[in-house]
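Step one of this worksheet: look at the structure below.
Labels for the chains are A, B and C, by order of writing; each one numbers its residues from 1.
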Amino acid sequence: MDAKLQQLLDQLKNLDYSNMYNNDFLHTWDKTTDELKAMYLVADALRNLRERNISTRIFQSGLAVSNFRDNSTRTRFSFASGSNLLGLQLQDLDESKSQVAHGETVRETATMISFMADVIGIRDDKYIREGDAYMKEVSESVAQSYADGILDHRPTLVSLQSDSDHPTQSSADILYLINELGGVENLKGKKVAVTWAYSPSYGKPLSCPQSLITLLPRFGMDVTLAHPEGYDLMPELVEKAGNYAAETGATFKQTHSMEEAFEGADIVVPKSWASFASMERRTKLYAEGDKAGIDALEKEQLAENANHMDWHCTTELMNKTAHGMDTIYMHPLPADIEGVSCEHGEVENAVFDAHRDGLYKEASYKPYAVAAMIFLQKVKDPVAKLAELEEAGTKRWNF
Amino acid sequence: MDAKLQQLLDQLKNLDYSNMYNNDFLHTWDKTTDELKAMYLVADALRNLRERNISTRIFQSGLAVSNFRDNSTRTRFSFASGSNLLGLQLQDLDESKSQVAHGETVRETATMISFMADVIGIRDDKYIREGDAYMKEVSESVAQSYADGILDHRPTLVSLQSDSDHPTQSSADILYLINELGGVENLKGKKVAVTWAYSPSYGKPLSCPQSLITLLPRFGMDVTLAHPEGYDLMPELVEKAGNYAAETGATFKQTHSMEEAFEGADIVVPKSWASFASMERRTKLYAEGDKAGIDALEKEQLAENANHMDWHCTTELMNKTAHGMDTIYMHPLPADIEGVSCEHGEVENAVFDAHRDGLYKEASYKPYAVAAMIFLQKVKDPVAKLAELEEAGTKRWNF
Amino acid sequence: MDAKLQQLLDQLKNLDYSNMYNNDFLHTWDKTTDELKAMYLVADALRNLRERNISTRIFQSGLAVSNFRDNSTRTRFSFASGSNLLGLQLQDLDESKSQVAHGETVRETATMISFMADVIGIRDDKYIREGDAYMKEVSESVAQSYADGILDHRPTLVSLQSDSDHPTQSSADILYLINELGGVENLKGKKVAVTWAYSPSYGKPLSCPQSLITLLPRFGMDVTLAHPEGYDLMPELVEKAGNYAAETGATFKQTHSMEEAFEGADIVVPKSWASFASMERRTKLYAEGDKAGIDALEKEQLAENANHMDWHCTTELMNKTAHGMDTIYMHPLPADIEGVSCEHGEVENAVFDAHRDGLYKEASYKPYAVAAMIFLQKVKDPVAKLAELEEAGTKRWNF
């Protein structure tokens, strides 16, 4: 067996993750740290096999159903890629082409698309509390239909971003860090700045920063969350971040100064988001169908954003970090790059450009994170199955 | 061999269905009763194999082309699922993205999409006479292109609903009944009420009730068709229903009383539809591009519908059936459920909710009906092939 | 081994095409004549295998990403078919559903969709110079990301039509001629009329005629290009056509008379296009966002078109060719057929109808051209691999 694969499987053997089989992946905080580690190891193992041109196809047929309630390129292709890697065919539930009736229950639609679906990926991040609620309802619906003997199996869910969490993104982020830093154990003690940054657009999801502050402290990383006053995240998730830090002996700090967060940081993640309060207002206005109110809110929030144009990632700020321009700069992309996609934005082009390769590598882990989540949901004995796939050595690409 | 599979194959051996190979499936009335029975047996056999995790992949590559001229969730996913189960990749002919020229012949488009298509699924149910005419033209076109040496094979067609018939739906319906009642022979003598029901929307297809009244009498079921005056179905199909009943010694009755139809029924199928006469008028108005005329017609028909709000499936009505609330209630879904999707509609929530599991099971047969239709079109010796697939025992899901 | 396949492989062995492995296919003029011949042989070999029901699947998983910036049926289905034939799953980069940010670099999007993409097919033919520039940028981007260690492989590109060339179309055209005339060596000395024809619509791409005049002379064909004054093609490609003719001893002539071009022709290809000058103006107007200017240009050009209604392919004109109605008439379809899709157009129905079978056969080669391009990009030793596939004899369709 390949030495690298052997090493990954050896680590995997020592973890307890049996509860992931036949289970959903909706939030990282639903999972134990062992389970998360197992997912990262499986992602690296699948990558190892694919890069050595070994097929990891575990399905002869079957559908991976996607339901994107918001536009997406990166996550859409990651889900398509990760499910294809395992042998599933993507089938999009495009609600605009569907006859999903007004008033039809979630339970009904969820069942109707699931007769031959092995996995369902959902992205629903636009409205506060709604994404999570929708995914929970879909999950319970298919579990119910399985229990009732309607489905011959329970399709498992993968969250492709909700209003609270973005687990495939934060998994790609941490996989990048694990591989850059030479192992999950090396995350401990690293200082990370998760900071707000100015964007000329409004309404970017809270789930990106939330997914990081609730995940990184679990691996002993010292996180500082920075944003202008008023740009709060969901309070229960900020609390969760603090609790996780306490458990691992890491620190979790909050500040209203971007500079303070950058001071001595090993990793910086400056990115725009809308404030929780405004997102809650927006959710209410949408529910009320108050189009004028929404427009007024957007105008007001863009004006508020404009008060914080100095929150952008500059070379000067990078110089305050632990390693200057060598400090890891992360972003889920696409970024608002000054002089490229906007005049004023999240990051100076000089900083972005110097970190381009790293950013693209960060993104490259997302299809493997998706594949690992599905693999762990669908394979009873992942160590044995990965070894079996290597042993079989079927070429993915018969070149 | 699995006992259940053995039993299905034993029955299959005694039927004559050799004419289905390389042939279309457009209407149930194009098929002999033996052919229909064969399709139900193959559907159950494919389900048996899939539920035992045995791959039924008979294609290494090949396309299943879908052409949905109307929105669809259930049938879209059924076609995607059924074709994927056999190894085909779905390719949608999305006419909005296509360069299908105004005036381009059906023959040309049909040929252009067929070079590597093994099967073509079409849904075209909106305009009277047009769906059937279009499918016939596509079928003749690909047959012609095959005869002319342009295509190296003839892609077969599956109707995913036309203006006259909805064979994948009625096949799912009858498969559900066969499995609930313990065999196709047990359908004989069962009393079925196929009735109109009130809907706050207008224009639901005639093909659903038509597909049932022309199918069930062939298996000896006693069908009563009920609707308010004016809500007639296509006369030649009503005549066909009567003829089929005469052949099997079953009864086929018509009435303008929902109550009368429910009286003593073993199975009820209350569902809204537009009247044949109004659908014909609508088809003409569309052809003439008379938008105002269409709007006026819709208004008029909704007003007419509103005169029949008492045509809804209530607990009280269910109590008049043979088995009260245990009587089988069927619907192709989504239904207009009172208090859920509308104020007044086809069915009371109490009735719908009590029959939810059955309704979802009914729907679960549709992907297998699609797969069985394709299987019989594409496999020369289905008994031998099904046995061969079980013998090979390739895992669909290598868990 | 099958005699026909043996013959194709024998020819393939004598060609030098090693540079096609891991390389793009953007224009025929990027390729040597040996490379083009190799592609035609591989297309015929793949067709031979498929028609004998032998699987040519060389991928267990992997994506073929398509990016259609213009509507398409024929080319869309050809790309879907050709990639499916090799085992790849189509994933469309539908820019309307994507979060491709304004200002996001091509490099970023290209990388994001490529982590598990084996091939990328692009159609971008609307604006002069832009299609080629875009494809070049995508190609360089993925090469860069591969060099930087971001991608573990370099996805190769296939042009599905740019502003300058339409290589999958011209490959289908020439494959049809090779098979009709009994071998690539029989193209030499055949007289081809590539002529403009009247269309009631405006803006048809230049890349169709350009792809023919730059390709056919390379195989010794005598090409006459005919169009009304003002309907020039890109000057550098007309020059290229002349140079290729000079190299092979063929003739390349230009005229403003359709009749003159048809005189004694063995093959005629009458088709409408917009003039290079007007397309350049349109490109500029789009860049300036000058909607009114574009509308004015279209009006002006339609009026100019109307001055040349006599440029249409009639029975009378066909009688001036070498073989009368037996002369090969080609068109990439859909054509503007008089009395079918328009009153006045490119071709009389009598001519079109007499050549329908040939036209459809011409189109049938496109999926194989696509598959051959991908095969040569992805297979190191095509002769050995094709022999290996035949030897394995896996049934594509296990009927």
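The criterion applied here is as follows: a residue touches a chain if its C-beta (ideal position, glycine included) is under 8 Å from a C-beta of that chain, and two chains touch if they have at least 3 such contacts.
Just so we're clear, the structure is a prediction, and the values are computed from it rather than from any experiment.
Engineer: When subunit A meets its copy subunit C, do both sides use mostly the same residue numbers (more than half shared) or mostly different ones?
Structural biologist: Under half of the interface numbering overlaps between copies: different.
Engineer: Write the angle of the rotation needed to overlay subunit B on subunit C, where the fit uses Cα atoms and the result is rounded to the nearest 5°.
Structural biologist: 120
Engineer: How big is the gap, in whole Å, between where the Cα atoms of subunit A centre and where those of subunit C centre?
Structural biologist: Computed from C-alpha means, the inter-chain centre distance equals 41 Å.
Engineer: Of all residues in subunit C, which are in touch with two or more distinct other chains?
Structural biologist: Subunit C, residues with two or more chain partners: 89.
Engineer: Enumerate the contact residues on subunit B facing subunit A in the complex.
Structural biologist: 50-51, 55-57, 68, 71-74, 76-78, 80-82, 84-87, 89-90, 333-334, 337, 340-342, 357, 360-361, 363-364, 366-367, 394-399
Engineer: Name, in rising order, each residue of subunit B that touches subunit C in their complex.
Structural biologist: On the subunit B side, the touching residues are 58-63, 65, 89, 91, 93, 97-105, 108-109, 111-113, 115-118, 145, 148-152, 378-380, 385.
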